[in-house]
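Common to both upcoming complexes is subunit A, partnered first by subunit B, then by subunit C.
Right after this comes the complex of A and B.
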C-alpha cells in the first residue's frame, strides 16, 4: 500500500530529450493523470446516482412540490418496520459476536486438525445465494424445527449468513496481535479468562468493531432471506421497500424509507471510518 | 530479545502430551458454537433440500409419504434449461463488465489516488444491497423519471431501456463492482511499481507492460475477483424483477421463490436451489483456493 502511494520518479530517458519534448511529455502525463481521476469520479458518481435520485425524489410532494412529509411516514407507518429492522439486526449481532469470537480465537491460537477445512466450512455461507439459504430454511423451519412464527428463526437465518463477516476481521486482528501479551499475562498469573477479557479483547477491539459494522449493514438491509423466512407479523424495513416497489409502484414515501435505511447504514460506516480508519477492514469486503 | 518462555511445571513427556490434548479439546470446544450454527442452519437444511429435490411437488407432506423421483431434474434440463442459461448469462455478463471497468479502476486507485478513504466511503453504497440500486435505477428509467428528456432526445421509448438485459446487467455490475476492485486492488498493491518503470525503461509499451508484467503478477487477484463476482451474481434476485423483461425475470433465484413459496412446489424449487448451490459451491471452492486460504496458514 505505502509503496503504491509514492509517486513514481520520472523514468530516465535514454537520450536527453529537448526542452520541447520534455514539456510535451509532462503535459501528456498530466493529461493521463487527469483522465484517471476523472474515471474514478465517474464510477463513484454512478455508484451514488441511484441513491441521490431517490434522495431527491423522497422530497417530492404531490404535484412536484417540495415536501418533507414523506419522512414522517418513515417514523409513522413505516416506524414499526424500521424498529423490527433494528431489533433483528441487534439480536443477530449479539449471536454473531457470541459465536464468532471464540471460534476466531480457537482458529488463531489453538491447534486442532483440519483447521483450514473448518475455516472454509465456516465461511462458506457467504458464497451460498440468499435465495438458497431462504428456501432451505423455510422448508426446514416448516417441517423440522417449527420456527416459522418466532423472531428467532429470522435472527438465526441472518446470523448464519453474516457471521463469516464477523469472523474474518477478528481472525485478521488476532493474527496481527503478537502472542507475547498473552504470554506475559500468563506469566504474571492471569487466568485464561482474565487474559482474554483484559488483554486480548481490548487489543482486537477494532477488528471486532469492523465485524460488527459489516454485519450490521448487511443484516440491516437484508430483504432476500427475510422474504423467505419472515414470520407473518414481522416485516422489516428493506422487505417493506421490496414489497412496495414490486406491488405499489414507486411512491416518494417508499423512496424516503429506502433513503433513510441507506443513510443510517452510511452513518454506521462513517462512524467506523472516523474512529478506527480503514485498515481493520483488511481481508473483508472493503480492502 | 528475552529468553523463550519456559514453563517450570512441565516435568514429564506425559504431562506435555496431556497439555497438548487439553489445548486441542479447548480449541474444539471454542469452535463448537460456530459449527453448531452452520450445521443446524446451513448444512442440515442443504441436505434436507437435496433430499426434497427428489420428491414430487409437495408430496413430502402427503399422508402416503413422499414420492421419490428424478422428475424435477428432468424438468430442470428440459423446461427450465432457459432459466439456468439466463442466470449464467446475467452473471457472466456482469462479471465481464466488472472486469473491464474494475481493473483500470483498481489500478488508478492503488497507484495514483491519495484520497482512498473517500473512495472507500463512496464504494460502500452498493454494499447496502442490490435492492436500493435496482429501485433507484427503476425510478431513473421509468417514464416520467429523470432520464425521460434524454430518451426523448434520443427518440427511444424508455421502457425499451428499463425492461432489458443491459439495465439488469448494469445494476448487477454496480452491486458487485467493489468485490472486483477489492480483489484486484489487493493483488496490485503487492506489485512493486518499479517493475512497471523497468518495463517502460526497457521500451515496453503500456499494453505490453499490462499484458506481460501486471496481468501475470495479479493473476490470482483477478481470478479471485471473477469468481467472487460470479458467485454473488448467480443468486441475483431484485434486479431481474425490477429491471428485467420477461426473459431476465426467469433468473433462477426468483423462479425458485415463485415455485417454492408461492406455488408450494417444494420438489422443483429444491431442485433449482440444488443447481444454484452446485454452481455456488464450485465457485467458492476455487475462490477459497485463490484468496482466503492465506488467512489460516
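Right after this comes the complex of A and C.
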C-alpha cells in the first residue's frame, strides 16, 4: 500500500498506474495459461499420436493410396482371432467373478488368521512378469494337469493373471459398504443368499464393474502369457498381431486388426462409464 | 405381541465383560428403555436380542420360545438402527416391501401393505422416491415403516434419534411412542439420552458396566435411586458422604441421622443402616430452598454456606454454595432466583428430601431396601 492509494476517492491520475499494473498482471497470467494449455496438448499428442499413426497406417493401400479394404480382413481372416479373444475374455471374467465375489466377502467380513498374507498372495500375479507366469504355467500344465491342448488352459492362465484386478476393487467396495445394510436385511427376514444378491451385490456394483472392465481389457489384449500356453489351434487377436508383425513386418492389414482391438477396448471403457458410472452410487472406485 | 425374557444373559469379549448376567422381563406391549452411558452394554444387549451378536451365556425367550440361537431372520423382530440404513438402491416403496418380498409374499399384498405403512408414518405419496431424496427424519420414518411392514413380534430401537437434530428428535420420539402404542408392539429402546428415556418409557433399565443398576418407572429411578451410579447419572445430584450416627422416632416418622462433614443431616430415607455405616446422602439441586430471613421452620435440615458462584440459566439460577469446604449445588426457580442473580455472601439453605445410599465401598451391588434394621436412637 502506498500513501497515494490510501487517500480517499482515487483521482483519475492515480488510477492510471493501477490499470497498467492490472494489464501487466493479466498478460503474465495469460502467459501461464498458454503454457499450461501447451503442456496439456503436448502430453495429449505424446499419448495419442501412436494411436493416430496406427489409425492412419491402417487405411493405407498399396502404393500409398487410401484403402478401407484392410478392415475386410478383420471380419474375414481375423474374425476368428477376435472371436477367440472374446470367448477367452468372457470365460475368464465369469471364472474371476465366481471366485472373487466369495473371496472378497470372506476377506472383508470375516476375521481369520493370515488374512493380510492371503490377500497379498492373491495379488501376487500383479507383480510377477508375464513371462515368468507363462513359464510357470507351461510347467504346471505339462506336468500336472495336461491342459495344454484345451481352451481352458488358456482361460485359467488368464484368470490367474487377472484375478487380483477383479478382487481388489471388490474388496475396496465391500470395505466401503457399511455392514448395517446386511444387518438390516437379516433382521427383515432375508437369508444370506437373498441379502447378498439383493443388497450387497447391487451396492458393490461399481467395484464389480471396475473389476470386470480391468480384467476384460487386460485379457482381451494379452499376448505374452498366451504365447506360452495357447493350444496350437487357438490364436487370439493380440497373438495374431504379434505373429504377423514378427513374420511379415507391419502390414496395413495388421494395423487394421490392431485398430479394431483398440476400438473394442475403448468401447468397453465408454460402456463402463456409461452404465456404471452414474448408477446407484455416483462415480466409481477407480476414478 | 410378545413378552421378552432375558435370563443370565452375558457377553464377553476376551477379558472384557460387555454384559454380565442380565435378567430382564419385558411385558407384552411395554416400551422398555435401556438407559446408560456409552459402553454400558445396552447396545450389545439389544443386538443379542436381535441375534446380531451371539451371547456368551444365558437365554433369550420371546413368549415361551427360546430364541437364543436363532439367526436374526428367524426371530421376526423389527430393528431400527442409529442410521436409517435404508437400502440406497431401492425406492422407498421397495425398501418397505423388502421384508415381505424376501418371505415370498404376493405382489398385490405387498403393494397394499406398503401403502398402509406409508400412511401410518405419514409419508403417503413418497413411495417412488429414492432414500437420498428424503430428509433425515423422513428416512427414519421409512425405516420404521419398513420394520412395521413385517408385523414383527418385538421392536428394537438402537438410539434411532441420535443422528438427528434436536427439534426433530423431540417430535420423532413422540411419533415412535404413538406408533408403538397404536400397534401395541412390545418394544425395547436403547438410548443414552435421559429426556428421551423419560419421555417415552413405561419402565427404564439404568445400565452401567454391563449390569442393570436399577429397573423401574421414571419416578422410581429419579426419586428413589438405589445405587450411587443411578443417583449421579440420572439428573443432577449433590452427594454428601457421611456416617449413620443414629435414628430418631419410629414408624412413619423415623429419621435417620447422618453425620457428614461436621453437619447432622436428617433423612426420611428408609434405608437399613446400622450406626456407623458409611452412606452417601443425595440431595437434588432443585430440592434445596434458599431461605430468606426468618424462614426455615418448615425444613428438617437447615445449613449455612457462602455463595461461590451464580450461574443464571434463564428459568433457573444455579447457586454453587460452599458448605464447610464442600460445594453444594442449589437450583432456584421462580421469582426467588432473581434475588440471587448476582448474589454474594452467606445464605441459609433448607431441604427435606435426602436419599441415603450405602457408600459403594461397603456394598458394591447396592442396597435392596427390603426390611429395616433398627438402630438405637441417639441424640
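As a convention for this text, the second predicted complex is superposed on the first by the 243 of 287 C-alpha atoms of A that agree within 3 Å, B and C clash if a C-alpha of one lies under 4 Å from a C-alpha of the other, contacts with A are read in each partner's own complex, and residues count from 1 in each chain.
In this section, a residue touches a chain if its C-beta (ideal position, glycine included) is under 8 Å from a C-beta of that chain, and two chains touch if they have at least 3 such contacts.
Since this is a predicted model, take the numbers as computed values, not measurements.
Asker: In the superposed model, which partner reaches more residues of subunit A, subunit B or subunit C?
Answerer: When the residues of subunit A touched by each partner are counted, B comes out ahead.
Asker: With the two structures laid over each other on chain A, which partner does A:187 touch: subunit B (first), subunit C (second), both, or neither?
Answerer: Touch partners of A:187: subunit B and subunit C.
Asker: According to the stated criteria, A:121 is in contact with first (subunit B), second (subunit C), both, or neither; which is it?
Answerer: After superposition on chain A, A:121 lies in contact with subunit B alone.
Asker: Applying the document's definition of touch, where does A:111 land relative to subunit B and subunit C: first, second, both, or neither?
Answerer: first
Asker: One more residue to check, A:202. First (subunit B), second (subunit C), both or neither?
Answerer: After superposing on A, A:202 lies in contact with subunit C but is clear of subunit B.
Asker: Would you mind listing the overlap between the subunit B footprint and the subunit C footprint on subunit A?
Answerer: 183, 187.
Asker: In their shared complex, at which residues does subunit A touch subunit B?
Answerer: For subunit A paired with subunit B, touching residues are 1, 3-6, 8-9, 11-12, 33, 36-37, 39-40, 43-44, 46-51, 53-54, 57, 95, 98-100, 102-103, 105-107, 109-112, 115-116, 118-140, 143-144, 156-157, 159-160, 163, 167-168, 171-172, 175, 183, 187, 217-218, 221-224, 227-228, 238, 241-242, 245-246, 250, 254-255, 258, 261-262, 265-266, 269-270, 273, 277-278, 283, 285-287.
Asker: Applying the document's contact rule, which stretches of subunit A touch subunit C when the two form their complex?
Answerer: 178, 180-181, 183-191, 194, 198-199, 202-203, 280-281
Asker: If you look only at subunit C, which of its residues touch subunit A in the complex?
Answerer: 50-52, 71-73, 76-79, 81, 83, 85, 87-89, 98-99, 102-103, 146-147, 150
Asker: Quick one: in the complex, what on subunit B touches subunit A?
Answerer: 5, 20, 23-24, 26-31, 33-35, 37-38, 41-46, 48-49, 52, 60-61, 101, 104-105, 108-114, 116-117, 119-129, 131-133, 135-140, 142, 145-146, 174, 177-179, 181-182, 185-186, 188-189, 192-193, 196-197, 200-201, 231, 234-235, 237-238, 241-242, 252-254, 256-257, 260-261, 266, 269-270, 273, 276-277, 280-281, 283-284, 287-288, 292-293, 295-297
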